[in-house]
Amino acid sequence: MAQAIAFYFIAACILGFAVLVVSTKDTVHSVLFLVMDFLFVAALYVLLGAEFLAAIQVLVYAGGIVVLYLFVVMLVNLKRPPEAHSDPHRRTMLGFLLAAAVLVEVGAIAVYGHSQPAMVPVPGAAMPVTGNTAQIGWLLYTSYLIPFEIASMLLLVAMIGAIVLAKREL
Amino acid sequence: MPITTTHYILLSAALFTIGVVGVMVRRNIIIIFMSIELILNAVNINLIAFSQQLQNGIGQVFAIFVIAVAAAEAAVGLGIILAFYRNKETVNIDEMNVMRS
Amino acid sequence: MIDTLVIPLLKIVIVLNATLVSVTYMVLLERKVIAWAQSRLGPMRVGPYGILQPVADAVKLMIKEDITPVRADRWVFTIAPIISMVPALIVYAVIPFGPEVKLFGRQVTLYITDINVGLLYIVSVASVGVYGIILAGYASNSKYPLLASLRASAQLISYEVAVTLTLVSVIMMAGSLSMVSIVRAQQSSHMWYAFVQPLAFLIFFIGGLAETNRAPFDLPEAEQELTGGFHTEYSGMRFALFFLAEYANMIVVSSVATTLFLGGWLRPFPNVAFLSFLDFIPSWTWFLVKSFVFLYIFIWVRATLPRYRYDQLMRLGWKVLIPLAIANLVVTGIIKVMLL
Amino acid sequence: MADAPAHVPKAAAPTGPPDPPPPADVTAPAFIATLHAAVPGGVTHVSYWLGDWTLVVPAALILQVAQHLRDAADAAFDFCSDVTATDWPPRAEGRFDVVYCLYSTRHRHRVRLKVILGEQQPLASVTGVWPAAGWLEREVYDMFGVGFTGHPDRRRILMPEDWQGHPQRKDYPLEGPGELLLENPIEWLKLRQSREQADIE
Amino acid sequence: MDTPVIHHGAMFDTNELVLNMGPQHPSTHGVLRVVLRLDGEKVVDADVVIGYLHRGIEKLSENRNWTQIILLTDRMDYVAAATNNVGYCETVEKLMSLEVPRRARYVRTILCELQRIASHCLWVGTHAMDIGAMTVFLYAFRERELILDLFEEMCGARLTYNSMRIGGLPLDIPPGWDKKVLEFCTIMATKIDEYEELLTHNRIWLERTKGIGVIDGPAAVALGLSGPPLRGSGVPRDVRKDEPYAAYDEMEFDVPIGTAGDTYDRYLVRLEEFRQSLRVIRQATEGIPEGPIVGKVPRLIKPPAGETYHAIESPKGELGYFIVSDGKSTNPYRFRVRPPSFCNLQGLRTLIKGHLVADVVALIGSLDVVLGEVDR
């Protein structure tokens, strides 16, 4: 029961803040709502028993990526909101329609999947460690070592790319 | 009613859709980037919900990769925005048509 | 019911109140210690030796007019101080003030909770605190706060990297992210980690100074350069929140340092038997004493050192502290693998 | 100029300092002779009083004299101590004395240059010779209204930008620029706007 | 003046941010306004705006009699009021060709040097405070307080002393005062080491001051810098040595000079000046001669017609008075001060170009300006 209340409350907050993110005029407010959204997503992860990921979500998303966004928004302080510029080629309605179609499709799949017989929980490969964090660490450094290294390379490349882009002259 | 994986999937679908709406409707490229972050979060919710259902950590490992990619994407994307803003003084995606003559 | 709801709630109430009171007295302590360093008296008027000064300050700040600049972003301006205060307070959820003790016939733990990602929780919550400063600078719609908040965000993010890297070497030593386990690991290894990881300890301390915007890294509020820094436009209770958040963060940093490097609630030489007569002192006293030493050093540093310049601060962070922290991490890893 | 002109009425306002010529037993320093040779007509009068040498220089030649005094080996006046002015309204030769106090860090001697200047007469700025003169000349302009030509930054320095008149002139009332602002603010505003308009044009 | 254009987001823009420092700013030492044009945090150009404290002392003095002006000179460099008095009185004495008794000249020397120490105390305190070391500030003020006590005993005032008269002194030194001065010298000598301990070898202090605002000797002379900023650039110019006044011709002291001409050298020069001042005070106090304190001054002070310029070495630099007397009235016809702070402040623009905002503060401190003197 408590879990259901928590879930519905968190879900409502996530969706509410998400709507605010995409609908607010002021970009800084939008970024703030995004932070709130991420914090509630982190709460959802805790609900799902993934504490490590929740901490990472807050640390990386809320504490890192969104600060970056805020930085850029502050630097790109706009005197003229971009929305003021009207472009006849823009089809807002089409956007909403397509999004609705996506929702229907994904929802249908979900409901269909639900009506199927429940999947048997497959126990993970036997791991010598217990606990959420240790488990993830074990997986990352055994089965997923190569993707992990690729991800770190990706971050390195992105870092260099960002420096090249943002630096005025090299 | 117990909360099942389906609930999480529906939540994720709704979040995903909101993100899609943001990408398609808004013109401010920073908001579009943030909508993409919402979409990635929707994916992560899915991954972790399945991870919990399957009782293994693989979904969470994937979520970590998604976060890494999101970080990379934000860094490069925002770098591009800044570079573009320096030259054009705009973040409106409709005005970003330098390739179109 | 009592174990799951009442006791945790009581603990939360006690910790929060204790924190807030100690934060206000921290301000008095700072004024007194600095006054002492500068051969003067400090506050002496309110109460004997000025001990009621925090009360007077609180009353003054509460009845002071709360000004919002006309062109400020009203909403963001209002919530920015709250954002900077809240993370500083909720960190206390995982800080262990002591082990399990028997109290009124009941086993009570002297910490609110012990989650197995405790350290990660602290780091991630602390990383949210930076929003308060950035938003305050942005929402004031004024140039000095804006410059200060750009400085602050760059500074906090840079030093967070160094601090987190030192934490990783501690985690490697302890093999756990839980604060309680880290203390226990120090007990079982017969050594405070400050002696095992002196470099990490030093980097953590310097990084802690920078993270809390304390001298010599108090650039975001460098009053001689940027007038009031990010809180130039704030007054009254909102200003007080920023002010208190800084001190709350100082207490957080010293509590974390105590837990990670100085053996938390453990008495000195916990495994030396003939010192066991010290056991009559409650464990939480040791914790408080160690934290107090830290806070004292914080204040002492402020009274002694001039301020770094922005570029020098960045150079120190990126070119000295982070490479050192990484080197320390690598060496720790190698030793750990070799010894196991 | 040692004696006051005869036609000045009464004993009202004084017409300039006496600037006595050097007595016979004092020998002029060598640089004055060199200056005479290098800039013919550059010094119209030499005065010695209380141990100070004062050279009166015609306005047209001030730049040449300044250049020479700075660069000549026996003068080497590299340090411009002060630039100031004195207002002698009734004087016939010109209203202002612009005074340059110079010092040589090499020879450790001083000299004063004096330029007698009419009210509307421009004077070449010596900022090119001594950058130190920049603010000092601005102050002279601000206080006396002496128009320096070739000054890189000729603005008021102590008084507000829109101040009327030049306070250190002797005919400037001690109470301030008058009561126009208080008595008739609209007139004052009009006057100010017309001045701004004139500036723009 | 070009109007400042506001651009947010200066850090990455090609546009520059215009930052208005002052006139209300904690570290512009009064009401100085510096309009900075910034590129990021780097100063591209600066405009120094003064005049917020202009009280028209020059104009006022032309309408006061010769004795009343002493009072006005107190209000210029208010941290070294006695030095201003000395400069003015000596100029008038020069105009009137008055002989000042030796005892009075000795006391003037003592007062001038005490003022130099007081002024440098204030400087070292505020300069260190600007760079963030706040303890030095209170230490230095503690010692300044001792000097103010000495002055209080001597003149009855603590800030604006009105401590000189044309031709000598208003009062003789109180009994036992010279002992107290010597006692103060002993205390002060140890306190200077205390300041040095906190700053001179502090790494942060070195990083903040070394190589900041470098100006070489010839450039400093051309810019009209005087006093410690000039000597910090290695120019051995000191009015006390070059054109001795009061009793400086009888004193033995050295003129410290710097080599690099940066903020650190200016700091070292001033710290050494503390010690030299103590040396002078000791000599003057121990060798104070007996005799009258006022020379033969006529009842009505009315110098003969003529003009003169007389300079002394104030703590800030060359303090010059240019006074014109018309020989008829009892007030000066023209009273002009050559304020050292004014001329030193002119160099600020040259010094801060290319440095960071934080250095601007350090450089204003390093020039040691007093706005009361700049604006008069």
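Labels for the chains are A, B, C, D and E, by order of writing; each one numbers its residues from 1.
Convention: a residue touches a chain if its C-beta (ideal position, glycine included) is under 8 Å from a C-beta of that chain, and two chains touch if they have at least 3 such contacts.
Values in this document were obtained by computation on a predicted structure and should not be read as measured data.
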- So which chains are sitting against chain C and chain D at once? E
- Query: In terms of C-beta pairs in contact, which two chains are most connected?
  - Reply: A-B
- Note on the structure: At the largest C-alpha centroid distance from chain A we find chain D
- Item | Chain centre separation in whole Å, for chain E relative to chain B (CA means) | 63
- Message: Nearest whole angstrom, what separates the Cα centre of chain A from the Cα centre of chain C?
- Response: 29
- Chain centre separation in whole Å, for chain E relative to chain C (CA means): 44
- Out of chain A, which residues touch more than one other chain, so two or more? 52, 56, 64, 71, 74-76, 132, 166, 168
- Query: Got the chain E residues that touch at least 2 other chains?
  - Reply: 8, 11-14
- Query: Mind pulling the chain D residues that touch 2 or more other chains?
  - Reply: none
- Note on the structure: The answer for chain C against chain A in the complex is residues 73, 75-76, 79, 115-117, 120-121, 123-125, 127-128, 130-131, 134-135, 138-139, 146, 149-150, 153, 157, 160, 177
- Query: Inside the complex, what are the residues of chain A that reach chain B?
  - Reply: 3-4, 7, 11, 14-15, 18-19, 21-22, 27, 30-31, 34, 37-38, 41, 44-45, 48-50, 52-53, 56-57, 60-61, 64-65, 68-69, 71-73, 75-76, 78, 81-83, 85, 87, 89-90, 92, 94-96, 98-100, 102-103, 106-107, 110-111, 113-114, 119, 121-125, 132, 135-136, 138-140, 143-144, 147-148, 151-152, 154-155, 157-159, 161-166, 168
- Item | Residues of chain E defined as touching chain D within the complex | 1, 50-51, 54, 56, 58-59, 63, 94-95, 97, 218, 221-224, 226, 235, 237, 242-243, 305-309, 311, 318, 320, 322, 324, 326-328, 333-334, 336, 338, 342-343, 345-346, 375-376
- Item | Touch list for chain B against partner chain A, complex | 1-4, 6-11, 13-22, 24-31, 33-35, 37-38, 41, 44-45, 48-49, 51-58, 60-61, 63-65, 67-76, 78-83, 85-86, 90-95
- Message: So in the complex, the part of chain D that touches chain E is made up of which residues?
- Response: 11, 14, 17-20, 49-50, 52, 54, 78-82, 84, 86-87, 99, 101, 105, 108, 110, 112, 130-136, 139, 143, 155-161, 167-168, 174
